[in-house]
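Both complexes below contain subunit A, partnered by subunit B and then by subunit C.
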Partner chain A sequence: MSVVTRRHEELHETIEDELPDAILDFDEHHNAPAVVANPSRVDDVVRILKQNGYNHLSSVSAVEYDNRYESVYHLRRITDDREDFDEINVVAPADPDEPAVETVSDVFKGANWHEREAYDLMGIRYDNHPDMRRILLPETWKGHPLRDEYDVDQPQYTTLEAHANPIEERYEVENDAALDTMFLNIGPHHPATHGVLHLKTVLDGEVVVDVDPDIGYLHRCEEYLCERLDYKYQIMPYPDRWDYVSAGMLNEMAYARCIEDLAEIDVPEYAQVIRVLAQELSRIAAHMLAVGTFALDIYGELNVIFMYAFKDREIVQEMLEDLSGQRLMFNYLRLGGVAYDLPEPRDEWFGKIRGFLDDLPGKMDEYRSLLEGNELLRKRAEGTGILEPETAKEYGCTGPVLRGSGVGYDVREVDPYGYYDELDWDVVTYDGCDNLSRVLVRLGEVEESARLVEQCVDILESWDGDREIQSRVPRSITPPAETENYTAVEGAKGELGIHIVSDGTEKPHRFKIRSPCFSNLAVFSELAEGEYLADMIATLGSLDLVFGEVDR
Partner chain B sequence: MVTFNDAVADLLGVDGFSPLVEFIVGIVGASIVVSVMLTIIGISAVWLKRKWNARLGDRIAVNRIGPAGLMVMPADALKLFSKEVVVPEDVDRIGYKLAPMLAAATVLAAFAFIPFGSGLQIADPETGLIFALAFASLSAVPVVMAGYSSKNKYSFLGFEREVAQAIAYEIPLVVSALAVVPLVAVFADTSAPLRMSNVVTAQQGPLLGVTGLPIPNWFIFAQPVAAVLFFVSILAEFSRNPFDLPEAGSELVAGYLTEYGGVNFVLLFLAEFAAIYFGGALFTALFLGGGSGPVLPAVVWFLGKTFVFYLVVQWFRATIPRVRIDQLLEFGWKYLLELTFLNLLLTAGILWVVL
Partner chain C sequence: MLDKSKTPISERREGDVDPRMNSKLREMFGSIPIVTTTFDKVMNWARASSMFPFQFGIACCSIEMMHAVAIKHDMDRFGAGVYRNSPRQADLMIVPGTINAKLAPRVKRLYDQIPEPKFVVSMGSCTISGGPFQEGYNVVKGLETFAPVDIHVPGCPPRPEALLYGVMKMQEKVKRGESSPVTVKPYEIRELQDWSRDEVAEFFEDELEPDTLVMNYTHSPELSGSADVEDGVNETTPATEGEG
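On to the complex of A and B.
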């Protein structure tokens, strides 16, 4: 019996002993066992699980069934020991007429936003939630769009008053000192928000007193769309549109992993190597952009770091274009493999990659000297935007943001997929917990990605077996009814997870995207409050948010 | 050194002009200076800035209109001047419209005191240096007007920063400039060491000869510390990187410029670039020997040095990140102020001992 299985049995007993009335049932999801909890006691169940080491709440997903709503919590265990990785799901079934579930936001602060999203899109109320507002849609929206009964044709009105600010009033009446504060709308159109983020900011002089990120300006109903498309071909182009700045391959892998796992589709080894190659090139491009835009946020001008990073990204972008025929919306992965074999002539393409990899160490030195060697930049980036590891875990931060706080959680390492297990690479962590650390993590990861790319190129160059790029996949993919699966991959920004609930047809019943940027943004107000306005902007840049992924 | 009017009088072989002619010749001189400066600013702001920044960042920049993109200058000018002037509804109209004019006027007027050399100096009062520095300080006023009258929170934050910054760096600027004044008195042997022409005259001779190669008596060699302090202060005074907080592209959208468009924007923009050149001109006059240099006429040397100053400022723009407001003020009050006073006292002390 493995460690994990034994732990599950022990947990089983612990929960039943301590909370006999909170447990309704035990269930088995495709990725992990599930605890079916009494909706009014679900916080206790999650708390027990947290005490037993499940310290990372990946996502909260709301699912509608004929006779009930379900609120599904995906918990993970992050420790230093890779063997110790484990998942567990908690399911809280709710009444079909008046769905209500007890909030777990007092157990995991990160649940706050996830529950708001579930409320917004599916209409499940979370009792005792500190801030039960809509999150993606405007406050005046009628209905909950992911419900079956939702009428897409009904007119919706969003008035300007809907955006009147609640914080302003709170700050103006609370006490006299607060009268000196100024309310400032940063965004949705602002040079530093990297897209369409609206920060409702209260400033005391230059110091940020309160900030409330307002998202949803780029909500394109990705989940809704995916639920109406078939697994085999139609969904695959959509992941490219989540994190759209060149991280498309990683997003596609997130979907491919989840459905291949659920429908038990094998991927030929050759295709797996190509997938890793494509993903890591994508990651290099995405991190280059992140480093460049961070510099842009601190400089506010077209500075050399930004230009150099963009130039290097362009080289990678061209390789990806050669591979997939597209610059950003790759649509390159297929279930059971990839769409095309490597571009011909292969040697020329490999030569291009090798040329880039040879130049990379010199370039990385230059980036390091530009970022670390610049006294003024260090003054700005060091010790600002402090994210303690405990806070980061509490909010479900992942990716370079978490690794910049010294926690070495990388899905590729703890929960390996594809070909990563066969390759040699390291997880990069810095424990400065500040803006500079997060950027240095990304620089380090570019180097690690380059190592992976090099190994993939070596393997592919000396490949003498069958070049099978796709396995035989059934004409229509129909995972068994009532099965569900949550898997994640390491996207450019962190744990990019997909939760698919199947109803036995060739379209998903529920398609939930766990976006790393969403959770990384949720922690933002903790980072920004008490900082100077300029540092808040720098912190926003160091979180590396892409709003296609936050809003979906 | 003579003023423009004296030079013209010399040329015509007359002793002096009647007040009316004096006035007219003065206007002509001012027009020449302003035209020269505007041309240089036009070239720098629209074309050179892009090309130079692109060079630093491995880009190409404008290259489609005319040879090396040079025709972008008339094209941009045409575009900017033909834009609709949009005045937001709630602004304080008087302040909003006056600020750009004042901004351009003050900084262009300041060039009157600059000894370009070759007889191109409009006014040379006995307190020229103080006048010039006063005009430099005046550049904060239109920024405040623009920021306050715009009724925009970003503009508001921008001008608040400008005020804090101007106050913090005013004193270091003046005091570091004053450090050269005792030297002027000594080298030019004059009782009017604040006169700008005297400042330049004092820097003409050789400081000391090393193996036959004379090092010129530029105050950057005699007063290197003051030169660095003055350079930093002038960057802060005119809000250039890394002290460009009133504009702060990534934080405040465009700071005090946020609500401006069309020709009003052009004037503010022009004032900004003129301010860089004015800073460069002051630096050249105070520390780089004004128009001193071999072969070429003095005015060419002077403008060349100013040009280099401009390129250095733009180079900073591409490579040095902006400081935070608290760091800026801390640096100004805690270090720069003390250092400039120390330098002034040291200069005075050394001269007192030596002489």
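On to the complex of A and C.
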């Protein structure tokens, strides 16, 4: 930590020297130091921090207070080196009547969508933002729902309009048929969009010249609801429904980590091992679906890879069901531990897991030969959807999407939590930067997860100590007032972060979810433009989007 | 080859049938196997035995829907496994997931695009009442607020077995020729100029073209039957009445 502390002191001086009028104050958040910046100069502060190595903008979170609105920027350093990992927050307080903050989307392109979301839900206007529209709610929505004053009972209208070609004027050249473009709506109901995504696509022949993802068709007010529920039991079922592709355990861990950190709750070692076991089983199931549906996008019909992937998912889901009692929405983690001990008879359950792990190498060979050994798939997936590492960092991509571009950023590795530090595993990276690499990263991670599961089973089988599944937790959890915390875990899709602002009651004042899919989708137009339409569908599949998490 | 002139009529069988296609059952029906039944029965039996569900994944429930179709549960065993991507080719709409204000007009339009006769199985708590997200500001409180539903499958999410049971119940209903209930439809897609003027319509008057399709959406159930939708409330719809 000394390296980090020294760096913070140096940064302090650098910022004060270079931007004396941009800084209002220095603050301390629970996770990292915070710089309180002048809202009209916040882009300069973020730019200096970026030059000093904070190259990843995790999230932009808008918070309402009695006398001001704040937008909080969570910055991180993406490096392979754990010693070098560090985070810092930038806070931009804004006027309560006419909240306006200078945009940072010219520093980090990924901030574009995050700021649009903050505008949509909290009504903070970002000056000089290139595209200040609503993102999750329909354009005709009245009011900003996360504000206290918002009236949920007011009538609303939603429209069903024909969409205009957004770049028609740019391409309008008289008597030039060669530059004629076609506007194509893909979705919100389309089998290749993996849910309810709407792509406003402009085609020149078969080449995509412009694509604008339109999201919000599955916006279910998760943040709004979590702010009205208490920490101890009521919030926990909701994380399961963010990334609903069996990755519930990972999402629950994201919430558990943030609040346990903030309220200083200990987790017994035995429960930590069970948590890792449950999370990695979840990750296997989630990646299996990603691989299966990617093949579905490429081949277009129910095919053998999809069926094999679902067969294996069924096995994993059965084990998770034995553990938690549910197939998909586990609600298994509790603050300070887990809900139940392992299912009895334990040996039978361990035998089930070991049987699956024994079969897995053979199955992985089969998947690899079906994916890598297939000429058709290679032609479609190799060299398409190129995502350069620099672009990926610019947009805040994480997870297999970033690791498919050769950047080994894994929250489990650089910012370890739970029991991961005690176990032996590797970060999987491929540097192909294309669709195939992203899928191969997922296959590799299934194997790494299997390694982790095996180690956990070994530990649990030979466990002779006290089987304490939950520590003593106070009846009501009230973190100290005016504290805030941002922590992240490695979800199935990437860095899944939670930003909780506490006001001293047993319900959060602000509950912000930093969804990895949201940032991964933001980069999509960069990947798709200039590609063939069919390759765009393959690219969409390789990003592995889940709309419960994109829209929340 | 039977020599028809020499075989007594009691043993003579209608047409030359491929021995592979012949069966004890066929022989049971007598010399000239004819079954008499009503046209409706045959049609309903055919409809129920080959339902074409509409592939429309919305949320968490769609994962369990995929499991119901995939290996192990294999919905195709019950004659309802060929998912169609276009509403125009489908007759069974399974609605798996939360519907919000932005999606609702699209779901309604897709429902309207399915040719008659059409049947709706709503999957999960969200399509019953909004489920765990009922308190949300933009969540529609159930599919039944704007489209008629034949079968509700409760659960969050329902297991694949539950969905299979729901679809089989749907098939039973279709086989018996029962038409779906007619529901009140407070949410209706109409042109903006059709709405009787209230403050909301006036608010949008400047922003939208008069022929823009709009859908009224209100959060609370008391308001959903308010003045601007009064002529939609009493309207009965022949939406899913079968032909037979």
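One rule holds for everything that comes next: the second predicted complex is superposed on the first by the 532 of 552 C-alpha atoms of A that agree within 3 Å, B and C clash if a C-alpha of one lies under 4 Å from a C-alpha of the other, contacts with A are read in each partner's own complex, and residues count from 1 in each chain.
Heads up, the rule we're going with is that contacts are C-beta pairs under 8 Å (C-beta built on N, C-alpha and C of every residue); 3 or more make two chains touch, one makes a residue touch a chain.
Everything numeric here is computed off the predicted structure, so don't read it as measured data.
Asks: Please indicate which partner A:53 is in contact with in the superposed arrangement: first for subunit B, second for subunit C, both, or neither.
Replies: A:53 sits against neither subunit B nor subunit C.
Asks: Between subunit B (first) and subunit C (second), which, if any, makes contact with A:383: first, second, both or neither?
Replies: It touches nothing on subunit B or subunit C.
Asks: Please name the chain, subunit B or subunit C, that touches the greater number of residues in subunit A.
Replies: C
Asks: After superposition on the shared chain, which partner residues are touched by A:225: those of subunit B (first), subunit C (second), both, or neither?
Replies: second
Asks: Which partner does A:408 contact after superposing on A: first (subunit B), second (subunit C), both, neither?
Replies: Neither: A:408 stays clear of subunit B and subunit C.
Asks: Contact-wise, after the overlay, does A:307 reach subunit B, subunit C, both or neither (first, second, both, neither)?
Replies: both
Asks: Considering only the touch criterion stated at the top, classify A:241 as touching first (subunit B), second (subunit C), both, or neither.
Replies: It touches subunit C, and subunit B stays clear.
Asks: Just to be sure I read the superposition right, which of the two partners does A:537 touch: subunit B = first, subunit C = second, or both, or neither?
Replies: First partner only.
Asks: Touch check for A:196: first (subunit B), second (subunit C), both, or neither?
Replies: So A:196 only meets subunit C here.
Asks: Pick one for A:216: touches subunit B only (first), subunit C only (second), both, or neither.
Replies: In the superposition, A:216 contacts subunit C only.
Asks: Taking the stated contact definition, name every residue in subunit A that is touched by subunit B in one complex and by subunit C in the other, in rising order.
Replies: Looking at subunit A, the two contact sets intersect at 190-191, 302, 306-307, 311.
Asks: Please name which positions on subunit B make contact with subunit A in the complex.
Replies: Those residues of subunit B that touch subunit A are 53, 56-59, 153-154, 156-157, 241-242, 244, 247-251, 253, 317-327.
Asks: Which of the residues in subunit A come into contact with subunit B in the complex?
Replies: Residue positions touching the partner: 182, 184, 190-192, 203, 206, 295-304, 306-308, 311, 374, 376-377, 379-380, 532-535, 537.
Asks: Taking the complex as given, what residues does subunit A use to touch subunit C?
Replies: 137-138, 140-142, 145, 150, 152-161, 188-191, 194-196, 216-222, 224-225, 228, 237-238, 241, 244-246, 289, 302, 306-307, 310-311, 313-314, 327-329, 547-548
Asks: Considering the complex alone, what residue numbers of subunit C touch subunit A?
Replies: 55-60, 62-64, 66-67, 69-72, 85, 97-98, 100-106, 109-110, 132-133, 135-139, 156-157, 159, 189, 198, 200-201, 203-204, 207-208, 212-220, 223, 226, 228
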